[in-house]
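Here the chain labels run A, B and C in written order, and each chain numbers its own residues starting at 1.
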Amino acid sequence: MSNWYRYASPVNLYPLASRMIPWFAIPAAILLAVGLYVGLFVAPTDFQQGDVYRVLFIHVPAAWMGMMLYVLMALYAAIGWAWNARASSMMASSLSVTGALFTFLSLITGGLWGKPTWGTWWVWDARTTSTLILLFLYVGFISLQSAIDDRRRADRAGAVLALVGMINVPIIYFSVQWWNTLHQGATIRIASATTTMAAPMLAAWMIMLAACWFYSVAVVLGRLCCIISDREHVEVVR
Amino acid sequence: MLEASHLECVRGNRTIFRDLSFAVRPGDCFRLTGPNGSGKTSLLRMLCGLLSPTHGTIRWHGAGIETLGEEYFSSIAYIGHRPGIKDEFTAMENLQVSIGMRGIEISRKAAASALERMGLGGRLHVPARFLSEGERRRAAIARLAVNHSMLWLLDEVLTSLDRLAVDMIQQLIEDHLAVGGMAIVATHQELNLSSGRSPGIELAA
Amino acid sequence: MKAASHLVMFRWLLRRELILAWRRKSDVMSMLAFFVIIASLFPLGVDPDSRLLRNIAPGVVWFSALLASMLGLGSLFSSDYTDGTLEQMWISPQPRILIVAGKILVQCLSTGIPLVLISPLLALQFGLSLSEMRLLAVSLLTGIPVLHLIGSIGSALTIGVRGGGLVVALIVLPLCVPVLVFGAGRNVPLVGAVLALTLVFAPWAAASALGIVVED
């Protein structure tokens, strides 16, 4: 078990991380292909929403990834701060970009779904608005880290911000929900089409979520390698 | 009595110094010399508790300074590159505020006499933004006269001061050492102290 | 014995901060002017229909207060950091969290109270009734401290950083959504709840953030 501490050093982590990437990238591609196939062709046309609901096969996993990656990012950043582990902080920085992109993707796909279904590209309901604010939290984290030149200070400052953000998220969600119920005009409850789910639909979601996870790991590790080679001047071994 | 053992300082990818050990006893004026970039400021900041050594310990009367915390802070006085003088306050106000912020009340008379001792008698009520750099440094050093801290940590306090000011400061340090105080001084210049021992350490580049 | 010295320190801290705020009152004045200007400009950007204005008034005033506060928030610690006084406070035998709390308190008093006092004038522009004005003022009074508390974290994180005020705003604005929502919704108890929570966490977070910058 003590062997694992080797990987706390970014220089040692680099070869391991770069070797791991194909093990996640290839399954990600396969899962994505299978998931899209099942989602687009195998799952039946929805009774109420027609074929548009298929966008949800990307939208819902993307939204979940956005949220889960934020928590992961905050945890890695906190560990990097508490134990002065540079590698952990670098993971947090790497996660931030992927998390932001997933959040952005979920907002875009949400609009693509909303327009045919509700007639508008954007809806100020609790979940969409909270997702937007989550995107802003990511943007805050990324801009804070890019504004600070000293890397270690940027790591630690990011940790404080990510933790404050994580504690705030439930409060933000609650306040947005409250705001939404206050202004009855926009009470469009985006009910997910999961009440009577046919097996292929559920399968498609699970496969797409798995694809997202594998993709995330591959991409985050790839970015991590770039960050390590940038900060630690590691030679890129091909 | 301050003991440092096997101190190491790593900034970024550079090891500034390693395996530094020394002791400072009452009555000592410990000199830190060395070229720019050799780590004098980093070492002083470590001794203040503003920087954690990557290796080694610093002990005050036998206990580590991290565990002592506020108790250690009440025994030290630090003057670094940024002297801690606010432009908007007069020399008098600066002194009173900085001592007051340590939880100690001093009388205006005591503050005035400390500033006079540093040659600022005629400039007591001038906002610090109108003081020259030397005068600001002296206003900062006046803190030491009223602080009653045992250990003084001074980083290049004599730089760009005239002969008169340098003499004043040396006198201040001598008086401090005479009553059993200690000083750790980083300086390029020669300190001519008539009393007290003057051990020192030279940091390599 | 220790408590007595803490009290002495706190008294001196309050004096220090208040005198500094007074001597830099032009900063406070410009922030207040900004508050009035942006709130007054809103109707110019929308329909000056009195019903619409009455409806959006709390939101506009709150949003303007939020933006105007952003102006002043970024510099809570920066001048002390630059001239070395922050460092001196850091190695003083006094509790750091008390120092941070004291600074936030005075900043809140010196910039927040004037905002609250001016808000009725803006409320008049938007045609609010007296009771509505009072409610808005109370919500501002309870909510502006939250802005300052959260802002102090952003301020501590961004000392000496490029792009200063903008980065602080990017960090702090999303975190201010709850207080904006509850404040503009004039739900004072909920704002109070957020205030209570923020009072507990924010000074500690700001002190930790300061430690990252000072202990370097």
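Going forward, a contact is a pair of C-beta atoms (placed from the backbone, for glycine too) under 8 Å apart; a residue touches a chain by one contact, two chains touch by 3 or more.
Owing to the predicted nature of the structure, the values given are computational and were not obtained by experimental measurement.
The chain with its CA mean position farthest from that of chain B is A. Chain C has the C-alpha centroid lying closest to the overall centroid of all protein C-alpha atoms shown. Each chain gets one centre point, the mean of its Cα atoms, and the points for chain A and chain C are 32 Å apart. The mean-CA centres of chain B and chain C are about 36 angstrom from one another, to the nearest whole unit. Per-chain Cα centroids separate chain A from chain B by 50 Å.
Within chain C, contacts with two or more other chains are made by residues 216. Partner chain C is touched in their complex by these residues of chain A: 133, 136-137, 139-140, 143-144, 147-150, 153, 156-157, 160-161, 163-165, 167-168, 171-172, 174-176, 178-179, 182. Only residues 4-6, 8-9, 11-13, 15-16, 19-20, 23-24, 79-80, 82-85, 87-95, 99, 214-216 of chain C touch chain B when the two sit together in their complex.
Listing the residues of chain C that touch chain A in their complex gives 153, 157-158, 161-163, 167, 170-171, 173-175, 177-178, 181-182, 185, 187, 190, 194, 197, 201, 205, 208-209, 212-213, 216.
Chain B meets chain C in the complex at residues 48-52, 70-71, 73-74, 76, 78, 80-89, 93, 96-98, 100-105.
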